[in-house]
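Note that the chains are named A, B and C in the order they appear, and that numbering of residues resets to 1 at the start of each chain.
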Amino acid sequence: MRSKLFVPCSRPEFFAKALAGDADALSFDLEDAVPEAGKPAARARLAEVLRSDAVKQSGKHLIVRVNGLDTQHFAADIACLNGGRVDLVNLPKVSSAAIARKGADAIEGAWPDPANRPGLLVNIETPAAVRQAGDIATAHPAVAGLQIGLNDLFETLGIDRRDPRHVHAALWQTRLGAGEAGRFAYDGAWPDLGDAEGFRAEAELARSLGYLGKSCIHPRQVSIANAVFDRGAELAQAHRLVTAAHGAAAIGHGAFVFEGRMVDAPAVARARDLLRLYGERA
Amino acid sequence: MRSKLFVPCSRPEFFAKALAGDADALSFDLEDAVPEAGKPAARARLAEVLRSDAVKQSGKHLIVRVNGLDTQHFAADIACLNGGRVDLVNLPKVSSAAIARKGADAIEGAWPDPANRPGLLVNIETPAAVRQAGDIATAHPAVAGLQIGLNDLFETLGIDRRDPRHVHAALWQTRLGAGEAGRFAYDGAWPDLGDAEGFRAEAELARSLGYLGKSCIHPRQVSIANAVFDRGAELAQAHRLVTAAHGAAAIGHGAFVFEGRMVDAPAVARARDLLRLYGERA
Amino acid sequence: MRSKLFVPCSRPEFFAKALAGDADALSFDLEDAVPEAGKPAARARLAEVLRSDAVKQSGKHLIVRVNGLDTQHFAADIACLNGGRVDLVNLPKVSSAAIARKGADAIEGAWPDPANRPGLLVNIETPAAVRQAGDIATAHPAVAGLQIGLNDLFETLGIDRRDPRHVHAALWQTRLGAGEAGRFAYDGAWPDLGDAEGFRAEAELARSLGYLGKSCIHPRQVSIANAVFDRGAELAQAHRLVTAAHGAAAIGHGAFVFEGRMVDAPAVARARDLLRLYGERA
């Protein structure tokens, strides 16, 4: 899930192109991209798409951003997903573990069968959520990951979205929060469509913090995300490290020098995790 | 309140100049600037000033930094303010929500009439306060804002005050803490009187984090703070954004491209908040 | 304790050289450096060394990193230390205040006499520990300090160990956590043996955050740590500041300009603390 393309449900003319594109995941939006009056029509369109053969047979991860739990739209948003294919429900404005639990309970209620129940992708986009990201990530087993929402967070507080120091601080806290529960962290959107370098720099920052991928609001951002979050080199190195660890263990050393740096058990465990996560033999 | 000038109550010769100057706020200090033996005289001087016509008719925000709740001076400091004009009581060394509540209760006791009761400006200047800034900001409705106190925080821990990475980390946590409760955050003092560029750089960092203004310990810092925290350009942009949002809503779009970046509901809400806060029509 | 040299208990050939070297402290490791099968032999070797005259008469601080509380090795690790000289027990993977308390209780049980009981040096190396560093530091009086473990923390989460922004964020939170309880913070290891400049840069960052010293995994890192964490200049300045404070107090000023910057009570208190801590007259 290196890239995740934003698809406003108010713009059905984008659907086919998004499905045919290179994004690893699509994120259909029922929230901010859809004005109040357009919500019912957007839901109807989305329900149809999620039930279509094109979507059901797609190799893409399918995500739906619903309206917040405190809105009148949430229940209808969830209801419209039933019978369609959805991998993750993306819940905005989750400011506390209690709200995350409420969201997870609603999903369990709507999908009684765990086999086809979507996971919960929680948006961290308020100051309280940033501070309590660890509590939110551990709130419920259905929480699959945390997604940082910098635009909402920064706009509300008057924080400069273009200052990478501020971006770093928010990404750091959210990554560590996700890590408390072994959940993944996912990077949010870069608002300036014309600034590919800004997008790439933010993606590289997220990658270096262990984020899984980055949200894209335009198809031309997708190839950058796919390149930045590619894990080929990392997996090759993990293979070499596991091999070296076998050699060191054979002569009784738990810590050893690998490609110029001292490594020990946690590094080997991380390498094995990576190979397992990405389906290669460890 | 772009600038707030520090006025030691031990130095009455500074009072008239401070009142005549360009600072948006004056902060009369009864705490660290006044040695133990000088506290009663300082209080008497301050009480007289706060009751003077010059102060009562001044357009400035008036702030008094009192001694900490755990000192023998606190009660007398609060008592001396009665009958004078005070907009904010600045309480130092607030390390927990419990202490903030105690301070707020004392103010409510001293000013039974809510109409002329000062707000509470809480100093965040211990490590526990930085971590719990969100709890402190939400502790009591009387908490008007959080003010970061880097000198105390850094001196005590042996942290280098001149390293902007450290300053950023403290300002970030305090800004987010204030934001949890919708309170303002205010920047502390820059100790090097001769280093105008250092002052300006720190003010710009605070501005980019959404701080309201910066504390000044010398009149010549005031004009820099007034320039850095000027909001003219920001308000003009907010006007343009609100206008664009009306246009987008008219054609059914909740998210739209504005001056090169994708914006949606939170950006529009922030623009409306700014225009309301600064008294312009939205 | 400017420098602390890592001594794997699986490598007895390093012991004599470590004792003869320039490190202020030695940290004997029973954990990751010792493979499972080698633990009993490592303990036996360590017990002998800690009872030797060479160690008992050494001027070095002696630290032992034991296996985690949740391992089968912890009890035997603690038992092997009895009768030897140990200043600090270093406990890995402490993720909560409850675990810190459990570790402290085990030490109290093993050394009933407080006079020769070692302190507890707690490793902060999980995301939960970073967030709750303040709770861990205040968990028990036996907690002497917090040591940041970046390798474990970063490897597990896939965070780039070479990005100084990430290092800063972890060091900041851990330093403030230690500061909540007045405990010291200690910097962890730099894994790249060949990169002396990387080691020095990280040591300087830790120093500027008020850390006491830095862990070394090779003797040639020791002299760098000793130089970076030298406090000669700082102590000389503290002397000058205390003298200046006497002069300012004599003319009734609590805040005054010292070597170009405005200082007040906290700066003077910090200077006195430093002189006391390092055994000089204030």
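One rule holds in what follows: a residue touches a chain if its C-beta (ideal position, glycine included) is under 8 Å from a C-beta of that chain, and two chains touch if they have at least 3 such contacts.
In this text, all values refer to a predicted model and were calculated from it rather than measured experimentally.
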Exercise for review: If every chain is a node and every touching pair an edge, decide which shape results: line, ring, star, complete or other.
Suggested key: complete
Exercise for review: Give a one-word verdict, same or different, on whether chain B and chain C use largely identical residue numbers at their interface, taking over half shared as same.
Suggested key: different
Point to revise | Copy-to-copy rotation for chain A and chain B - C-alpha atoms, rounded to a multiple of 5° | key: 120
Study note, to complete from the structure: Rounded to the nearest Å, the gap separating the Cα centres of chain B and chain C is 37
Check your understanding: chain C: which residues touch two or more other chains?
Key -> 169
**Study point:** chain B to chain C touching residues, read off their complex
**Key:** 8, 10, 32-35, 37-38, 126-128, 130-131, 151-152, 155-160, 163, 165-166, 169, 189, 191-195, 217
Study note, to complete from the structure: In the complex, chain A touches chain C at residues 134, 168-169, 172, 175-177, 179-180, 208-210, 249, 252-255, 257, 260-267, 269-270, 274
